[in-house]
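Next up is a structure, given as structure tokens.
Chain IDs A, B, C and D follow the sequence of writing; residue 1 opens each chain.
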Amino acid sequence: MTAATDGTPTSGGPVERAVLEDLAAASRILADQGVFDSAGHCSMRHPGHPQRFLMSRSLAPALVQAADIMEFDLDCRACDPQGRNGFLERYLHGEIYRARADVMAIAHSHSAAVIPFGLVNTPMRAMYHNAAFLAAGVPVFDIRDKFGVTDIVVSTPEKGAALAAVLADKPVALLRAHGVVVVGPTLRSAVFRAVFTEVSARIQLQATVLGGPIAALDADEGRLADAVNLATDGRAWELWKMRVS
Amino acid sequence: MTAATDGTPTSGGPVERAVLEDLAAASRILADQGVFDSAGHCSMRHPGHPQRFLMSRSLAPALVQAADIMEFDLDCRACDPQGRNGFLERYLHGEIYRARADVMAIAHSHSAAVIPFGLVNTPMRAMYHNAAFLAAGVPVFDIRDKFGVTDIVVSTPEKGAALAAVLADKPVALLRAHGVVVVGPTLRSAVFRAVFTEVSARIQLQATVLGGPIAALDADEGRLADAVNLATDGRAWELWKMRVS
Amino acid sequence: MTAATDGTPTSGGPVERAVLEDLAAASRILADQGVFDSAGHCSMRHPGHPQRFLMSRSLAPALVQAADIMEFDLDCRACDPQGRNGFLERYLHGEIYRARADVMAIAHSHSAAVIPFGLVNTPMRAMYHNAAFLAAGVPVFDIRDKFGVTDIVVSTPEKGAALAAVLADKPVALLRAHGVVVVGPTLRSAVFRAVFTEVSARIQLQATVLGGPIAALDADEGRLADAVNLATDGRAWELWKMRVS
Amino acid sequence: MTAATDGTPTSGGPVERAVLEDLAAASRILADQGVFDSAGHCSMRHPGHPQRFLMSRSLAPALVQAADIMEFDLDCRACDPQGRNGFLERYLHGEIYRARADVMAIAHSHSAAVIPFGLVNTPMRAMYHNAAFLAAGVPVFDIRDKFGVTDIVVSTPEKGAALAAVLADKPVALLRAHGVVVVGPTLRSAVFRAVFTEVSARIQLQATVLGGPIAALDADEGRLADAVNLATDGRAWELWKMRVS
């Protein structure tokens, strides 16, 4: 069921145009909001088939349109490549979808204010309600731990699985000397979380400069505040989408 | 006099179109000036009825237009909802208007450079004349003090009243792990203060990095300089309004 | 010769339209470059009469056009007000022109990265060749020293003269809890210096964070590098002017 | 072969229009990406003649078009000036091309976040894969070491050669109190490196604020990751070029 006889996986079925446009918009939104630089990618699980996911071909995220969206199985083989190339790092998406049935969307960025937290021993914390999901804890994936000296790229199923193992049940994991991966139960929530991970990192840096203990959200507050975010993230989505339409 | 027999409050009377447009512009200005993110809201007391206030429906502040302005009584019940939903946090507005007869306008934001000061023990001070109003002192409202673990949202009259009590007679209060509330004797002054609270926070952070005592405005200088700001804030208002028109 | 019998000063004579347009552009440039906020003003000495200077009416600097330029004598009386109001702080311009025959243009701003250096004991230094003029030393004017508690505004000839005395023969002076004044031998050089005072302040802050001694330009290097800047500032001027035309 | 009898060097031959347009675009890209301020310049080796290089006339880099590109020999004499003036600092280009046969393109900027690292003893390191080339080490050129008090400008062959000697075989060198020079095996790679040198500097500053050891890329990781960047920099180039077209 997962592949044709030639090894090309079968499609999970047609996807509504509006869904593809939202996924493409998510990519442009994250570029517009300063989370994606000239790289970065977001994906979503296929709405009709949990063993497939949708993700742009390799392209600067500010330029992604619906026609650039490809479909992959969880081994990251394209169902219908049409001559398009996927990102080298699609394996981090495939392996997280495999490991986390609750995850419906993933964003991977080189979000600039977040990277320092993957380089030092200071854990990221939830500086305010918009970043409530960080209160669950933010693990750091150091590719050296399992793979030694590498080119840093999460370019194989094994590396993707190792990252997924570090992410565990959390919404965010940092990648040492590389970037961050953010997941959510919906596309909108993944976008919302990617934006506010970046903003919270800037705030934590500034709070650190001021000195003394930081009265961040604790885990219980984070859980409650995150539920509010998930219920109201449409307000941000509509604004952000309008800016890139 | 405050409510019809069905519990819907009566209106404080018609409001000039130009007033509604200024209130909507204030919302867009604070988004344009980087004080509001995809959320944030400002309100003004009804010009003809001190027990009513005007505030946008729940909407990204960059998008607010005059038609989005709703009228509420101080219990935060809409006079004429027309199917529109108010912000969850309108209670912080209602309770401040109830507690402070001198307050004619309120802005609540997640102003990014301000949030660190609500998380640590360093008090905000007035770094320059534009932020003179901060020299009166800037209290911090920690919702945990009275309500324990919450979702952080000021979503009830009781929480609004607790915030108003911490604000006391000051122009600005910080909300731990959340944001800031700024009040003024006019809409323009509230907008001016919200902008320069953010700028002064950035300056204080930088002065802290440089180290040593900070020769901020003292309370007497602050009082005198604030009077100049209140007399000349039309210059900033006209510029800022033009940018969002 | 300096005033008509009614006390209105006589004009220094007609000024070429291109000169007025450059002065207006200077104002818009400094807003566009992030040096001026909703306030800030620049002026130039009258090309044909050293006892007169030209300066915008009180207006947000991003909006200044040639028709907004007024002429003042060094006592800051308007030659031909035409119902326009000058800035409250024009006295800092008048008194510097009186004290410094070499100064042909002045900019006064609330340049955000510069203000911290007026609040602490760390002197500004010249971080790179573009800011070479800072190597001459940057004094700080604290209005309290001579005037005690004030509203911070340099609103009288006496306050302007006290600032001019602190500036002495330097190109830049900081105003505690207020801003900065920058002077130059030409309009272009004053604009160039105002921009790079701001940029150098940001760099110095960052160098301070990194720690250790800072290998800034010394006074001799500064003198030599400043001569290059004065000879080549047309390149920046043309670009900046194009952006605001 | 290198000069006509009048001392004007002969041209290395005609260059395709698309190459000149790419070089001009590189200049505008670096301005658009915040690496170039009102000055800064990039050059490339002549595709058909290794003893010639191509570089804009003296002009704000945001304004450079193909028609502004001049050709120079390695002594920095223009082959066909047509009344155009070269940058004073073209000598740093000429001498690096002379010393480094592998270098095909050079960018020199006053990249603001990089300058602090030329002023203090903290070495720049590679904060993430995009800046992998920094893992080779980043030397600092202090013009005082060889030339004493100067105007800082690299305005002679001797000064250019001294800089090239400090650069040695590295991709990046800092210039104390001045800026940075970045080289690459292609125009695109030099642009890519100039952008991510700036971004990595900002990240290193922030990691320093957080404190503790920084788990930067080591030399081996840097080498591997740089190879990936060189293979994929077209994605960034296409985006950046589109923004300035």
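Annotations for the structure displayed:
Methods note: a residue touches a chain if its C-beta (ideal position, glycine included) is under 8 Å from a C-beta of that chain, and two chains touch if they have at least 3 such contacts.
Note that this is a predicted model, so its numbers are computed, not measured.
Removing chain A from consideration leaves the other chains connected by touching as one piece. For the copy pair chain C and chain D, the superposing rotation over Cα atoms measures out at 90 degrees to the nearest 5.
Each chain gets a centre from the mean of its Cα atoms; the one farthest from the centre of chain D is B. Of all residue numbers used at the contact between chain B and chain C, under half are used by both chains, marking a mostly different-residue interface.
Once the centre of each chain is set as its mean CA position, chain B and chain C turn out to be 34 Å apart. With each centre defined as the average position of its C-alpha atoms, the distance from chain B to chain D rounds to 48 Å.
Residue positions of chain B with contacts to 2 or more other chains are 209. Viewed as a network of touching protein chains, the structure reduces to one closed ring of chains, two contacts apiece. Under the contact rule defined at the top, the touching pairs of chains are A-B, A-D, B-C, C-D. The touching residues of chain B, counted against chain A in their complex, run 37-39, 58-60, 62-63, 88, 110, 112-113, 115-122, 142, 144, 149-153, 176-179, 205, 208-209. Residues 126-130, 132, 199, 202-203, 206-207, 209-218, 220-221, 224-225, 227-228, 232, 235-236, 238-240, 242 of chain A are the ones that touch chain B when the two sit in their complex.
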